[in-house]
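What follows is a group of structures, each given as structure tokens.
Next come two complexes built around subunit A: one with subunit B, the other with subunit C.
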Partner chain A sequence: MNLGFGAAATLTGLLIGVLCSLPPLGLALKHRLYRPALLTLAACALGGFSAGLWGGALMLVLMSGVVISYAYVDREDPFTSRASIDEVDFSESNWEFSLRKMAALGRTVRASAHALVRNKAGFLGFLGLVFFFVMIVFGPLFIEYDGQPHYYDRLKPGAKTLFQGPSKEFPLGLDWQGRDVLSHIVYGGKNLIRTSVEAGLMTTVIAVVLGSMAGLLGGVVDQALSALSNFILTIPTFPLLVVLAGIITFDNHTYLALLFAALYWPTLMRAVRAQVFSLRERDYVQAAVALDLGLPHLIFREVLPNMISYIVVNMIFTIRGAMYALVGLVFLGMVPVQEPDWAVMIYIGRTRQVIFNARAASMLLSPIIAIALFQLSLVLFTRSLEEIFNPRLRRGL
Partner chain B sequence: MSEQPLIELRHVYRTFKQGRQLIPVLQDVNLTIAPNEIVCLVGESGCGKTTTGKIIAGLLPQSEGEVLFQGRPLESYRGKERAAMRRALQIVHQDPFASLNPAHTIGQILSFPLKHHKMVSGRAELRRRIWELLTLVDLTPPGDVVNKYPHQLSGGQRQRVSIARALTVQPKLIVADEAVSMVDMSIRVSLLQMLHDLRDKLNVAIIFITHDLALAKYFAWGERIAVMYLGRVVEIGPTEQVIGNSAHPYTRALISAVPEADPIRTRSKQRMKLRSEDIPKLTEIPSGCAFHPRCPFFVPGVCDARVPTLGAAEGYAQQVACPPLTEGLGLREYEAAAEAPVAG
Partner chain C sequence: MWRSYAFRVTVQGLLTLWAVTTFTFVMIRKMPGNPVEVVIDQLIDRQQLSYEEARQQAAGLFDFDPGQPLIEQYADYMNKLLHGDMGKSISSAGTPVANQIKRYLPWTLFSVGSGLIISFTLGVLLGMAMAYWRGSVFDNVLTAAASLMYGIPDFIIALLLLLVAGVQLKLFSMEDVLGGVGQDVHAGLNLPYLKSVVQHAALPVITYVWGTVGGWILTMKSSTISTLGEDYIMVAKARGLPERRILTAYVGRNAMLPLVTRLAISIGFVVGGSVIIEFIFQYPGLGRQLAMAIGTRDYTTMQGIFLVIASAVVFSNILADLLFGMLDPRVRVGGEE
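And then the complex of A and B:
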């Protein structure tokens, strides 16, 4: 039995989630923290239900932190006491130490949640993303994939015709083969979104690694990398992508993402490089040099934490760009057509002359609106991400 | 000085490249700092105070000359000795808003060096040491700041954290680069008092860099002051002497320009008339004594001919780089009429 992602959207997943919620739930009830208890139950059940054991375990850790951070407030921490140094006992057991760390984690989670909710636009974007997530994960529970052409049975007298507009039975109408458009919307987002996210992640990783190398090492490395990025930037990327996609057959979406990353990293890399250059001259970096804290500390503790919001936000924008490029490729027919896919729906709409058929508007408009809404959610969500990752904007708890 | 100096600068030069031009920021700077001493570096902006501080802290290599730490050049230190030397020299920056990483809490900021250099063993000792350091810089009770982020603290508090961070590695010398100039007036005195106390308690030398002569006078009373002008030290000596019986015309001009708290006194105060208000550019440093185009006691043929070096002058206990004084000519008001009228 698959308890990992395979358990998602099944009763097993729900069970895993509920089981995962038990430890923090018990702790919360013991401390009479009813609201956190309710939140814990909901979060863990959802986590387990949507991502099996992985989601359940993640929620178990996070919610334990949250509950402990509520319960820990009254605990005796030597640092909260106002006694003199001789009266304070600084020793703590491993158990107390892990409690303190969990409480810190919980405070971070709570602060992030606050930041997420506080920005209205960002929260709206978050809700949009949740909507698509729910649609992709839970949609298949309620809507069956309608892949077979109903060309003949729906041509019979009295039956529904092809290219039908929205109706009660088929909320988004029927497509050129008489299939339910709604089912294609529900099933068609997964691959496109996954490929875009993969492309965005790869681009970001390449850009951050090369950019910080160029920025921190400088000299020849910087010159070589800058020259390379300048060279790639001068190439009209999308036409090249089209040509390459024509030469190579992409039977695997990961290759497509990799190709995108290979062509689109320079923009972000240059931005990261500039950031590193600017951060490198900050006083606190100089102080860390004077304190002789070493290069790993400089990169991971001084420079990266101050770039993380910038990097994450740019990653989101790269995901956006990747999605447009992918849709463009499919629209031009440069990628093997694989249903169900939002982009393929647009492609078929174009090749089947749907644009000239008013009744078929929903077949073409539905994927376009889905893509646009997803993109909008992404862009809005970056507002919240900025607040979450920026310690200055985060409210202290 | 019988004791071995902690830091010694010998004929230190520093140039910066700007495009194709080389800008001499420091020229022939000589300075010795004894252990547990306070030295104030005073001068207007652009005179090379901060560059000197960075070179002393080992954050910037000199272009020429030698920087000796406990008798040996900084570059000759290797391995463990180098790490120890690196830790012995610390710097506190001017801007309390830029000198602390906004991503970490105060506790984390202090724990990084303590953990990395294994200054403490175990968590209990780490926490005890952080508590100690925070009380040392008067951030009490420590529990109020330890879990806060830098942006939640005031400028003065941040500067205290900055100092505490420098103290984590038990330095022998702290370069305080304009450490109080961005802090509220009312906080300054307590910060300076704290630095003095730290010097006494922890046996650390302090180089205090400032553009504010009044501040230097307060902080370095009983210690030494070095006055810098356009990349050179023009006067150095005991504070009482440099302030009370200043030798170099530039120092005199600085002192006469210090405003008093009493407006009537400030207005009635005799200002020294400079021949020119403009500070020369670093790319066009005047020949001889760099101050001569502005100096009211200019002696043609002496001041613009030779580059003056620090030396004793009659009637002064401090060292001064002013040819008329060191060569015993005395200072006489320069007659503007004697200057040949410039055509055009």
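And then the complex of A and C:
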């Protein structure tokens, strides 16, 4: 299953995207909502184009919500009626209920989009991430991967030497085997970014689950988990990662992400635990307990919304940390090297002494700048995430 | 009260160290290959020996038997460790691990330590100034700069320093900055030696400062801003105290509280240094030594370095606890509540 990221763009996907845009598009046109209609078409087409059926379906749901939120709000929804409370009919059919839910979803999407644009630094970071996404998904349509070595007798047409600096034909120059650096940049980010994101997700899930367990159950569970996290925090993590990376053989990068998660969860887990402890005592949580609203309500409506901003921002920092650790592992030559990969480009730069060859700077500088830009975008993007997920910073439409 | 606290902390610390030692002991021996095999491979590679010849030669180099059962090795090791002996390095046969640590630790302490001090001082001063003049051009520019510095990983900075400043702009030659000290100076308390040490430490220190100062600035700024909003600052102003006195005695001391604990915890990580940074600059510190020990599967050296780093972390955590209790009466350890 190719969910979103990591899939390459296909023309079938574009077709799927356009098909997916038809229902919300029709609805929008019927209600003469031309701007949302245009947005819908663009979003669905892009979603389908970049990620196939899943991207298209996701965009279909989201954009339907947006269009419905424009068209139906304040008219069909009894809860926003300004009439006296006695005159309002609170019974609603399933159809009306789902419409109301869709409109609520659409409003959330719109509010998030506004919050995203409002913070300039955060939006800049978002644009940076979009740039990398576009490069990885759509880049392969225009640039062919140059994996075979080209030695002196069969240099690429137009190339003069190995280690060529940037030129018109090769914007980022040629590497140690006379290969196009640009193609390695375009193809080399996918695995690194995907593994980092996986590692970040897994770390966050482990930390949140264990942290809320320790916070909610307390007692022996809490003590055991705290002792375990203290223990892991004492061992120097990166060297341990290097040691463990030697034990486990990697045919799959997901294992590497899992290993990272196993070592890096304690910091976030401690924060989550402390938060749960403090939230447990708040009045509104106590009120919800007194009203007997049930554990799911407690967790998802009272406790989680207060932590989600912190958790999401931390996840981004974990992704950043994971990328740091991954590149570090490859840089030291501690995990099997597999091209194309930005980290491997740096590794080769180190082992082939490219670093001291002024002509070869491009093959080393390109991945370095790519990684730095990606990480910078991540850090900047957290500003917007804070605005999106923190209910206190969020403003109405 | 005090004695029971000290007792509990000591026991906890020792238990943690034992657990770390045992865990790393098992883990590093589970790594594929062992020190003898690494040398056998090297011999086959370099001297074109057959496997049998290489094995015999290699076996003569070590007083280490990879065939011995793990539990016996463990008992041996723990026994020696309890007598204060960290054993001998396996790869560089005959050298006691303690000597190796004594040799490499000062370099790491010096470079990472001065990086930490510089970055902490800079961060506190700049962060406070930014909070005091918040909203000014100075604040905005520095906030952006701090986020930018914070956003770029330190080994990227290290590579960029070498590549751009060293290779492209030729601001310095490689012999002058790589390694710990120049070849042609004699160790000792003479001027050329000290100059060479500082010169070689400059790039790693710049890298450490660059990588961490952003975090200090941002933390200090937010801490100062929240302190400035406290009632006692208002009271101090109402009493007509001079601005400078408010800034140093009332704002500065309180705003630095959370940072001091963080500083104490960071001290623990000074010892570990930074494996990658020391690797890039070929700096003869403990981190690089650890990476090399992992590469050659030098079990005892790895073990020793892990132990030293873990002790430093345990110790600095205790220090942070105590410091926080001492500096902030509100959370004094073993207080009335």
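The definition used in the following text is that the second predicted complex is superposed on the first by the 368 of 397 C-alpha atoms of A that agree within 3 Å, B and C clash if a C-alpha of one lies under 4 Å from a C-alpha of the other, contacts with A are read in each partner's own complex, and residues count from 1 in each chain.
Convention: a residue touches a chain if its C-beta (ideal position, glycine included) is under 8 Å from a C-beta of that chain, and two chains touch if they have at least 3 such contacts.
Remember, it's a predicted structure, so these values are computed and weren't measured experimentally.
S.K.: Using the superposition on chain A described above, determine whether A:201 touches subunit B (first), subunit C (second), both, or neither.
M.R.: neither
S.K.: So, A:271: does it touch subunit B (first), subunit C (second), both, or neither?
M.R.: A:271: touches no partner chain.
S.K.: I'd like to know which partner A:365 touches here: subunit B for first, subunit C for second, both or neither.
M.R.: second
S.K.: Looking at A:236 after the superposition, I want to know if it touches subunit B, subunit C, both of them or none. Which is it: first, second, both, neither?
M.R.: So A:236 only meets subunit C here.
S.K.: Quick one: is A:301 in contact with subunit B, with subunit C, with both, or with neither? Answer first, second, both or neither.
M.R.: After superposing on A, A:301 lies in contact with subunit B but is clear of subunit C.
S.K.: With the two complexes superposed on chain A, say which partner A:346 touches: subunit B (first), subunit C (second), both, or neither.
M.R.: In the superposed model, A:346 contacts subunit C only, not subunit B.
S.K.: Which partner does A:283 contact after superposing on A: first (subunit B), second (subunit C), both, neither?
M.R.: Touch partner of A:283: subunit B, not subunit C.
S.K.: Looking at A:324, would you say it contacts subunit B, subunit C, both, or neither? Reply first, second, both or neither.
M.R.: In the superposed model, A:324 contacts subunit C only, not subunit B.
S.K.: If you stack the two complexes on chain A, which partner ends up touching A:143: first (subunit B), second (subunit C), both, or neither?
M.R.: The answer is neither, since A:143 touches no partner chain.
S.K.: Touching subunit B in the complex: which residues of subunit A?
M.R.: 77-82, 85, 88, 90-92, 97, 282-284, 286-294, 297, 301-302, 305-306, 391-392, 394, 396
S.K.: In their complex, what parts of subunit A are in touch with subunit C?
M.R.: Residues 121, 230-231, 233-236, 238-240, 242-244, 246-247, 249, 320, 323-324, 327-328, 331-332, 334, 346, 350, 355-358, 361, 364-365, 368, 371-372, 375-376, 378-380.
S.K.: Which of the residues in subunit C end up touching subunit A in this complex?
M.R.: Listed in rising order, the residues are 16-17, 19-20, 23-24, 27-28, 30-32, 144, 147-148, 150-153, 155-156, 159-160, 162-163, 167-168, 174, 269, 272, 275-276, 279-280, 287, 290-291, 294, 302, 305-306, 309-310, 313-314.
S.K.: Within their complex, state which residues of subunit B touch subunit A.
M.R.: So the residues of subunit B in touch with subunit A come to 57-59, 83, 86-87, 89-91, 93-95, 98-104, 107, 112-113, 116-117, 123-125, 127-128, 131-132, 135, 141-143, 146-149, 151-152, 162, 165-166, 168-169.
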